[in-house]
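For reference, the structures are reproduced in the following blocks.
Below, subunit A partners subunit B and then partners subunit C, in two separate complexes.
On to the complex of A and B.
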C-alpha cells in the first residue's frame, strides 16, 4: 500500500472516508444497523451518543478490529476491505485510544515505531533513521521529549504525547480520537486542542469521540449522533445547539414496558457519608431504604461508580 | 460501588448498615453485613463458566448446604432450584455448565447466587446489559418483586429507559462526584443527560455553541 499524503487531491466536498450501510451484529445484539458516516479533510467530526450507542463498534470497524457484516468503506474514493488492523493502518486510518499500550522498557522512538520500524540492510531495524523520524514527529507536535529517552522516565501526560506521536507515525489521513481528554488536566486538554487544530491544518480528517458538550462545540466542525446502533443525525455544528444534540441522543419516548411499582420505602438500611478515593470518586454520600430502588446514572468515563 | 462491596477501599468516609457503623474491608465483610454485588462483567467477575448452574448458585452459601464440612448435594440442588425457579431460569437442568447458557440466563444465575445469601442490600451493576428483551423484562419484574419484599436495591445503569422505568430515586454521577440526586418526579431523559454531561438546565445552555434555528441536515424527529 502506498503512503498517502495527508493533503488529498480530491475536492474539499468529497469525503476522505465514507462508510455506507455498515451493519455489525453480535449474538443477540445489533451493534450497528446500516450506519453511514463521512469524514472530511481538515475537519473535525464529533461522534456523540450514549453508552452502547455503537460508537466503539464503529471505531473498531474503522480500524480493522471488527469486520462489518455488510456495508462498504471508502477511503479517498477507493473501496477498501479491512481484514486486519494493519490493513486499516496501511489505508491511512489511525486511532488514539485512552489505553494505548506502551512499553516502559523501550525508548520513546521504539514505542512510536513498534511494529513498523524503518528497516535497513538485511531487514534490521535502522535505529538512526527511527530516532530521527521519531524526533521529527515529536517536534511537529511540540512534544518536549527526546526520542531516545526511556519511556519509564516520562510522566503520564508525556506518555500520552508518545501515544499520539505513534498514531501520527503512520502518516494517517484519518485520525480517530476516542475520549482523548478524559484523563488529562485542563492545561493538557488545551495542548491537545492545539494539536487537533494542527492536524486539521495539515488536512487530516479527525473523528473525535466525546461526551463533553463544551469541547465538542469548541473544536468540532461537524457532528454525527448515534443511538441504539443507528446514526440518528449528522450535520454542521454551526446549525445546532446543545438542546438539539441532547434530543438526538435520547430520542423519543421509551417503548420498553416496566413493571408498575408501588413505592414502598421502609427504614434506612444503608448510609454512606463522605466516601472518597484518591483517583476514582470523591465526596459520595447516600442513603438507601428497605424496598427502594436507587438508580445510578452517568456517562461512561464520567466517574460512574464502577 | 465496588467500595461498598469491599473490592476497592475508600480513603475516607463512613458506612452505616441499619444504623450501625461498619467497616467493609473485603467482599467477605460485605456479604456478612448483608451487602451483595452483581457485577457488570459476569464472565470475569460473576460466574464460574466451567461449573454447573447449581454449584454457581451455592458457591457463596456453602455453610447453608453443607454439614460437618461435607457438601450435601441434595441441599445444594434444593437451594439452587428455589432461587433459579423464582427467576424463571431457562436451562435444560441445573447440572448444565454455566458457559452454555445465554447471557440473560447467566445473569439470572448470578443474581440467584447472591439472593441465596439472603442479603439486605443488592447492588446490580448494569443488570440487563447485553441480554435479550425477554430476559430484561424478567429481570426487571424480579427486581420490582424484590423491592416489594423490602430488599434495598442499588441499580447502576447507563440505559436511560431502565433508569427511568425502575428507579425511585436517581443519583447522577459526573467526574467521580455526585452531580445531582433526583426524585422520581424530577426524572426525565433530558435532566439525566444534562446533569451527566454537565450542561446547565434549559435556558442556561445558551452562549456556548453557535446557534441555528433549524436542526442540522439529516436529522430525524
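On to the complex of A and C.
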C-alpha cells in the first residue's frame, strides 16, 4: 500500500515559492502589474517573454535587489520580505546570473563564497576551508577549474561555471537561471541541461528564463508567459506547442510574425573582402546594399561587435 | 612564479633596489643602516596614509581630505595636550584614531547616504577641516615648548634601534594585510570597486562598504595627525598642506588602480617608499628639492601608463592562427 500519492506534474504539492499580486513601478513604466507565479519542488518552470516583458524585474524582486511596490512572496508557506540580496539567499533563493556578475580581482573560491565565506578564528575568513569547499562544488558540477585561480584568468564559459558554483554554494530551494545558455556553446549547453536535471532530482524548484523555444520544450515542465509586465499565460508544457507560446508572448498569431518581405535593395554601398585583424577576426567578407539590413550572427566572443 | 615576477610589486622592488644601488654607488653613506632607518622613519607617515587611501581607492572612491584630517586631528591632539599635559599617550592615540575616524565617517556618510561623488565630498571637507583648525586655534600655533615631553617624545622613542613612528607604520601594514586578505570587509572593497553592480547581487551594500573605507582612511589620517604634530613639535593651520597629492601619488605608483578594485597593501607601501627614497636622496645627490616634484610627477605618469598597458594586455586572442603568430 502506498502511503503517499506519487508527486507528479499533474498533481503537484504546495508550491515552494508563490508570488502573489507583485507590482513594481519605475518612473513612467509599470514593469510588473499584479503578477502571480508559482514554483514547485523538482520542477522546471520556464519564464518566457520578449525583452521588456518584466522577466529580469521579477528576477530582481525574487533575489532581493528590487523591492516590490505591492504583493507578497511566500517561500515554503511563510511570507518573506526581502530588503537585500542576503535576505533572499537566507530564504533559500539563489540565482545563476550571467557571468558578468563576478569579480575579476578575486579568486574562483572567493567569487563563489563572497558574502557568505566560512569564518575561522577571530571572525577572519577561513581561506583553507573556503578553498576546499569551493573545490568540492566545482568537482560536483565537473568544472575543470582550480578554486584558487584568479577569476580574470578564466574564459567566459568557465566564468559561467563559477557563477553556477556560486548559486550552488548555498543550499537553495529555489534556483533561478537567468538566460543561462546565452553565452554557452552547444556542448556547454548540454552540460547545463544535465545540471538542471540533477537539481530537479534533488527536489529543487527551478525558474528557467529563456527565449529559446527549443530549450524550453526540452527541459521545462511548466511555463509562464509574460507580456508588458503581466502574466498572460501559465500551465504545463505538455499542453502547449510552440505556436501557442509565441502567440501568448507577442499577442498575435504566428503567421503574422514574419510577414512576407519584398526585398527592395539598391546598389552596393559597402563591400568588405578578406578583412583581417591580428587577434579578433580573419578573412571576413561581406557586402551591404542600400535599403538592406545585415544581420550579424554568432556567439558572444565570436567577434560580433568588432 | 612568473605571475609573482611580473607583478607590479616585484617591479617596484626592482626599481627601488636599482635606485638605492645607484645612489649608493656615488654616496655609500646613504645605505648605512642608520640612514636607511631614517628614510623609513621619514616615509612612515606617507606609508600609513597611503594604506588608508588605498582602501578608499579600491572601492572606486578617493579621499582628498586626508591631509586636512591629519592637520585638524593633529591640532586637536596638541590642544588637548596643552590643556591636560598629564594625559597619558595611549589616551591621546585613542583620541586621534577616534577623531580621525569620525571625520572619515563624515565623508563616508555623505558618499553613502547622499550619493555625492567622493571627489566632490572630500574636496569640500578638505577645505572645511582646514577652516575648523583656524576656528578652534584662532590661527595660532601650538609650539614645542607648550607640548609635554611625553607627547613629543613618543614617535621618536627608540625600540631596537628603530623609532616608534616606523614601528607604527610596520604594525599598520601588518594589520591591513590581514584586513584586506582575510576579512569580509577587505574582500568587499575589491568587489565593490571591481564590479559595483555585481556586488549588489552578492548581497554587498556598496555605499556601506565605501563608508567603512572612508572611516578607515580617516582613522589612519587621525593617527598620523598626532604623530606628525608630535614629531615636528608644532601644530598650525597649514601643516601637511598639499600632502594629499603625495598620498594619492604613492597609491598610483604602487599600482592601486584609480578605477578601483585592483591593487595591494604592499603596492601602496612600495609606492610610498619609492617617493620617500627619492625625497631623501635628492639632497644627498645634490639635486634641488624642487626636482622632487618633477620626478614624482614623471613617476606617476609612467605608473599610470603601465596600469593602462596592463589593462590592454588582457585582450583575448580568438583566432588560432593569430595566437600562433604572436607566439612565433
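Brief remarks on what is shown
One rule holds for everything that comes next: the second predicted complex is superposed on the first by the 236 of 306 C-alpha atoms of A that agree within 3 Å, B and C clash if a C-alpha of one lies under 4 Å from a C-alpha of the other, contacts with A are read in each partner's own complex, and residues count from 1 in each chain.
The rule is simple: a contact is a pair of C-beta atoms (placed from the backbone, for glycine too) under 8 Å apart; a residue touches a chain by one contact, two chains touch by 3 or more.
Bear in mind that the values here come from a model prediction, so they are computed numbers and not experimental data.
When the two complexes are overlaid on their common chain A, residue A:84 makes contact with subunit C while staying clear of subunit B.
By the document's definition of touching, neither partner reaches A:190: not subunit B, not subunit C. Shared-chain residue A:115: touches subunit C; no touch with subunit B. In the superposition on chain A, A:270 contacts subunit B only, with no contact to subunit C. In the superposition on chain A, A:286 makes contact with subunit B only, not with subunit C. Once the two structures are overlaid, the count of subunit A residues touched is higher for B than for its counterpart among subunit B and subunit C. Of the two partner chains placed by the overlay, only subunit B lies in contact with A:233; subunit C stays clear of it. When both complexes are overlaid on chain A, the residue A:127 reaches subunit C alone and has no touch with subunit B. Touch criterion met: A:101 reaches subunit C, while subunit B stays clear of it.
Of the residues of subunit A, those at positions 278, 280-282, 302-303 touch subunit B in one of the two structures and subunit C in the other.
Those residues of subunit B that touch subunit A in the complex are listed here as 1-4, 8-19, 35, 40, 102-103, 120-121, 125, 129-133, 136-137, 140-141, 143-144, 147-179, 181, 184, 189-190, 192-194, 196-199, 202, 205-206, 208-212, 214-221. Partner subunit C is touched in their complex by these residues of subunit A: 63-65, 84-86, 89, 95, 97, 100-106, 110, 114-117, 123-125, 127, 152, 155, 278-282, 301-303.
Interface residues of subunit C, counted against subunit A in their complex, comprise 178, 181-184, 187-188, 190-191, 194-195, 197-205, 261-262, 314-319, 321-322, 325-326. The part of subunit A that touches subunit B in the complex is made up of residues 28-29, 50-52, 211-214, 217, 223, 232-244, 246-250, 252, 254, 256-259, 261-278, 280-286, 288-300, 302-306.
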